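Next up: some structures, all given as structure tokens.
Presented sequentially are two complexes of subunit A, the first with subunit B as partner and the second with subunit C.
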Partner chain A sequence: MHILIESIGFGVASGAVLSLGAVGFTLQFGISNLLNVTYGALMSLGAFLGLFLLGLGLNIWLVMTLGGLLIGVTSVAFSRGLISPLTRRGLKPFSLVIVSVSAGIVLEYLIVAVAGPATQSYGNLSGTTLHFWDFTLTTSQVTILAIAVVLMLGLHLLLTRTQLGRAMRATSSNRTLAKSCGIATSRVSDIAWLISGTFCGMAGIALAITTESFDFTLGSLFLIPMIAAAVLGGVGQPYGAMVGGLVVGIVTEISAAYWNPAYESVIAFAILILMLLVRPRGLFGSGSARRLLA
Partner chain B sequence: MRRSLVISLIGLASIAATCVSASAASSGLSAGPINVGVVAPFSGPAAEFGTLLSAPCIASTDLINKSGGILGHKLQCTSVDDTGDPADAVPNVTRAIGTISNFVMAEGLETNTAATTIPLLNGAHIPFVTAAGLTAYDKTKDKYFWRLTPADDANGAAMIAYAAQKNYKKVAVVFEDNSTDTGNVPGINKAAPKLGVKLAVNTTIPADATSYSSLAAKVIADHPQALVFDADPQTTATFLSNYSQLNNGKLPPMITATDSLTPDWYSAVSKAVGKAYIFHKVALVGSYFSQSTAAFTVYKNALLADPKTHGIANTLASVGPPASIYDGLNILALAMVMAKSAKGPVFNSDVIKVTQAHAGAVVVDSFAAGEKALAKGKRIQYVGVLGSVTFNQFHNFAGAFAADVFTGASTSRRSALISASEISKLLG
Partner chain C sequence: MTGIAFYGVVLLVYLGTDLLAAWGLNLEFGVSGVANLAYIVVIAAGAYTYAILTLGPDTGNGGFQQYVLGLHLPFGVAVVVAAAVGAVIGVVIGVTGLKRIRQDYQAMVMLVISLMAATVVGADTGFLGGQPGLSLIPNPFSGLGGAAGDWAYVAMVAFACVIGFVVMRRFTGGPMGRALRAVRDDEQAAAAMGVSVVRMRLLSQAVGGAFGGVSGALLAAFIGGWSPGAWAYVETLALLTAIIVGGLGNDFGISLGTFLIAVLLLQGVQFLPEIRAHPGLTEALGWITLGSLTIAFLAIRPQGVFRERRPRYHLGDPVADPAGGGTGSAMTPPR
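Right after this comes the complex of A and B.
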């Protein structure tokens, strides 16, 4: 029982980082309908930006905020400079996915060109180890967990209590109809890319803190479990992505504790497939009309 | 008169051209330098290996060129990027074989791609020296395959032998789930019961996961005296960090492979758990070679002399695989000189001849010395950085093992020795 509870604690900690990334990913998908594979490379860029900002002597949590915002701005530039023009030219969704894969590879190798291929580290920022009940977590893990909860609550309030949130949901449900209702869909889309990118950058930095060591492949390696979390929760569903992230994190840790850790991802993905067989739209998905809604 | 002079000149020119082409045909070389293919990852996450595996080629070819080259040709190292991924390795190596002129020998062929690149070079009759420890090649029939580095299972047995020397009765075995690292496990499993070492946890882990906390907790619960561990820098740093967090900052000693002796590994691990752990608790097990021989001095000086290798000379000089590549290339080059041919099928059969002990053979410890002796019509025995090399019928050679401890970012000092016969017994 002790091992089970302890593993759940580890799973919640790693799931919080997964959730941060998955929520940003699914939010952007909900608005743009694009499977943005560049997201992984942007996470890596976030981690390297964090390294640069940390080198300036800034506090790590300020670094996480600034780094997140910078990736948010980069995301908007990516959308405006590459995705939107190609969409206007009538590029098909599959071609856009290939464009995002290509852009991700280019970005990764730009990182290598500037920072080199060697493993990098922020140093040991884990802080004190806290023990309560059978859980064992570090102060940095608890802080990341708290940041994830606050950001997700903020996103919830934004989507449900503000004019902008309603505009985002309307754009996600039916872009043409939203536009004819007077919603500035381009601006709404930019804001969605900004928020999504900010979550992406923060997830990249959070990941670099928890793994203590990273290289330019950090985001790409994390992309598959993150997409799995988003799909598990229901693509386009931020709340689903939150829960999906936690489920993937917990299942992975429990399987590592009880079985061969080499198969932890296999078990997580097997559960994902089973879940989709039972609920094809994921845990929270219930049709395109309700995207970006719980 | 003028007409006969022209005819004579044409005649002389024809004879000269015939002689040149006949010489080229017999040596198997066209104009230009001899290319030594360095088949290794030069891009992607494993790109560091490309740099590390190029260095012994640079050292060897620098020295050979200083002696005037081979058969009148200078040598150059040519990168063949296998990216560390078989899917890229096959087209890239195939293209290199088809397009690079005077591509007559190769080195590198690291474990991740060896199973796909070895058949290509062997099929093209290009003799090569591999750094891959794959046990599948312990009994290979590939004629052009030459290996002076121990197989991975032997390395695993050496790790346990070192654990036994340190009197550890219970160790945890954790390896990254790739062919390079898990190749050690069969040797560990064979050696541990024979030496009375109990394996607490014996598992593989995926690379670059976000957390290894659950596994670390499981290992801690088993109270091992040491970790027998091998993984990439990022994975090692994350695992040790998780372990330390869950064990009140305490980490057991680690026994790992000499592959870990890279600046990247040192940097990642020292930032995660501190330099003190690396200096006091980490032992690196790999093939043994003496650092006090004349051959070693020549090798190290060559690494230090070239600006391309100067910065990593200390790392390389401490690790077995690059030294084995350096020796291997010298052996192939001397075989070429002995055979007076750069044709693979011709000089490949002389490889064993230049390493075999033989009555009256001149023992040489460098290419230059070997070439001089061969020019005088003497028989030679090359005894290089690794010492005397005795290839078995499968073109494999494995000597003794050593355990080293870190003394700096990329240097180490010898801590223990494990004989080849002991390893052989453990694997028998």
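Right after this comes the complex of A and C.
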């Protein structure tokens, strides 16, 4: 029982990072309808950017905010400079996936070209270990958890309480209709890419804080559980991705505790394939989510 | 054998095995339209199959590596079995692609399959050698020794390519090729014309998989080792770039593309001087160029250097293919 509760604690901690990444991924997918594989490479870029900023002597939480915003801007540039022009040229969704895989590889090896292929580390930032009940978490894990909760709440308020959020939801559910209702969809889409990129960069840095060491493949390896989380909650649905991230985090940590830890990502893979084949709408998917998959 | 001559041998073997792989992937992707981003998995399956069928029991050599099976089969048999295993795995991968989900989702599933296969094989040391992989895989011409053995291997790869080319032409040209292309271009129209879409898709997956299996077996036997590092998912992208640059669905184009991308670009960067302060820089430059090329071609010239050659029909022509009959000749002239 002790192991179970302890691994649920780990699961919530890693699920927070997963949710952060998955929400960013799904938000951007909902708006642009593109399966953006470059997202993983952008996460790695975030982690390396964080390393650079950390080297300047900045506080780690400032690094996380700053790095996140920088990746957000990069993400808008990626959408404006590459994805939108190609979509306008009428590239098929599959060709766009190949473009995003290629762009991801270019980005990853640009990191290698600048920072080298060696593994990197932020050093020990975990702080003190906290115990309550059977949970064992470090202060940095708890802080990341808190940041994730605040960000999700912020996104929730943005989506439900503001004009911009309504415009975003409208664009996500039907871009053409939203446009003909007078919503500036390209501006809304830019903002969505900015938020998604910021979440992506922050998740990358949070991941780098919580792992002992990382290299340029950090993000693309994390992409599988992240997409699993997004698909589990229903692609394009931020709330689904939050829950999906927690579920995938907890399930993988429990399986790692009771089974071979090397197979941790296999669980995420199994969840993803199963969901895609059995219920591609996701657990909370509605009819409009089905449209995305048809 | 001098260093240059040996390097020539290596390049020729790489070219031959890459050609087989690119032809196989083109059958799946370029001809029948199955978005197989997991193609490197069938190549790996061929390589591992060949290895465990020829290495003998894993207790040999002091048992320093572990793997399942471990037989002493002759080279030819092992390659044929590798082709069969490649075909079966190709079909299994293809079945997930049959599900009616969006093509980009399909691509995603394939990509994930590729990543996960490498993770599972790497994690389980007892299955196929785990992360360190397998070594001492027997070369069939090691008895000849030195230069003679190396050139004999090149000749054998060339022979395999000739057979592969003849087989491929059976599928890319003629009634079969037209049926496969019809499935790729318009599934419903092809089905309405009496082409069995499922059968055609799985057939192209099986044949493409067999090509990959042979390619992997020949590569593993030449290198003598095989590990998860040899089949990262980016390797599929290298083949895909060769196909996109050369010209999707054009047999000559993809052969040229394979030479340019897989051999000239990815091997060529190794001739650049290695900068001591930047290890891995030259390899990184190769992949950066590769990714940029793919994007540039998809954006500017998606049909590739050599566009796909389509049979032309004219009003009043006699039936273009009297021997074809059956499904293939059911194609009507484009209006």
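Quick note on the criterion: the second predicted complex is superposed on the first by the 274 of 294 C-alpha atoms of A that agree within 3 Å, B and C clash if a C-alpha of one lies under 4 Å from a C-alpha of the other, contacts with A are read in each partner's own complex, and residues count from 1 in each chain.
What we mean here is this: a contact is a pair of C-beta atoms (placed from the backbone, for glycine too) under 8 Å apart; a residue touches a chain by one contact, two chains touch by 3 or more.
No experiment lies behind these values; they were computed from the predicted model shown.
> Once the two structures are overlaid on subunit A, check if subunit B and subunit C clash or fit side by side.
In the superposition, subunit B runs into subunit C.
> With the two structures laid over each other on chain A, which partner does A:F222 touch: subunit B (first), subunit C (second), both, or neither?
first
> Once chain A of both complexes is superposed, is A:N174 in touch with subunit B (first), subunit C (second), both, or neither?
A:N174 sits against neither subunit B nor subunit C.
> Is A:T87 contacted by the first partner subunit B, the second partner subunit C, both or neither?
After superposition on chain A, A:T87 lies in contact with neither partner.
> Looking at A:E6, would you say it contacts subunit B, subunit C, both, or neither? Reply first, second, both or neither.
The first partner, subunit B, only.
> Quick check for you: in the superposed arrangement, does A:P117 touch first (subunit B), second (subunit C), both or neither?
A:P117 contacts both subunit B and subunit C.
> Quick one: is A:A257 in contact with subunit B, with subunit C, with both, or with neither? Answer first, second, both or neither.
After superposition on chain A, A:A257 lies in contact with subunit B alone.
> Could you look at A:S265 and tell me whether it touches subunit B, subunit C, both or neither (first, second, both, neither)?
Touch partners of A:S265: subunit B and subunit C.
> Return first, second, both or neither, reflecting whether A:V97 touches subunit B, subunit C, both chains, or no partner chain.
The second partner, subunit C, only.
> From the superposed pair, tell me which subunit A residues show up as contacts to subunit B and also as contacts to subunit C.
After superposing on chain A, subunit A residues 117-118, 221, 260, 262, 265 contact both subunit B and subunit C.
> Report the residues of subunit B in contact with subunit A in the complex, numbered from low to high.
That would be residues 44-45, 47-48, 177, 203-206, 208-215, 217-218, 221, 233-234, 237-238, 241, 245-246, 248, 263-265, 267-268, 271-274 of subunit B.
> Could you please specify the touching residues of subunit A with respect to subunit C in the complex?
Subunit A residues touching subunit C: 34-35, 37, 82, 85-86, 89, 91-99, 101-106, 108-110, 112-113, 116-118, 220-221, 224, 227, 260, 262-263, 265-266, 269, 272-273, 276-277, 280, 292-294.
> In their complex, what parts of subunit C are in touch with subunit A?
Where subunit C meets subunit A, its residues are 35, 37, 96, 99, 101-109, 111-113, 115-116, 119-120, 123-124, 234, 237, 240-241, 244, 278-281, 283-285, 287-288, 290-292, 294-295, 298-299, 302.
> Could you pull out which subunit A residues touch subunit B in their complex?
3, 6-7, 10, 13-14, 17-18, 117-119, 121-124, 126, 129, 136, 138, 207, 210-218, 221-222, 252-254, 256-257, 260-262, 264-265
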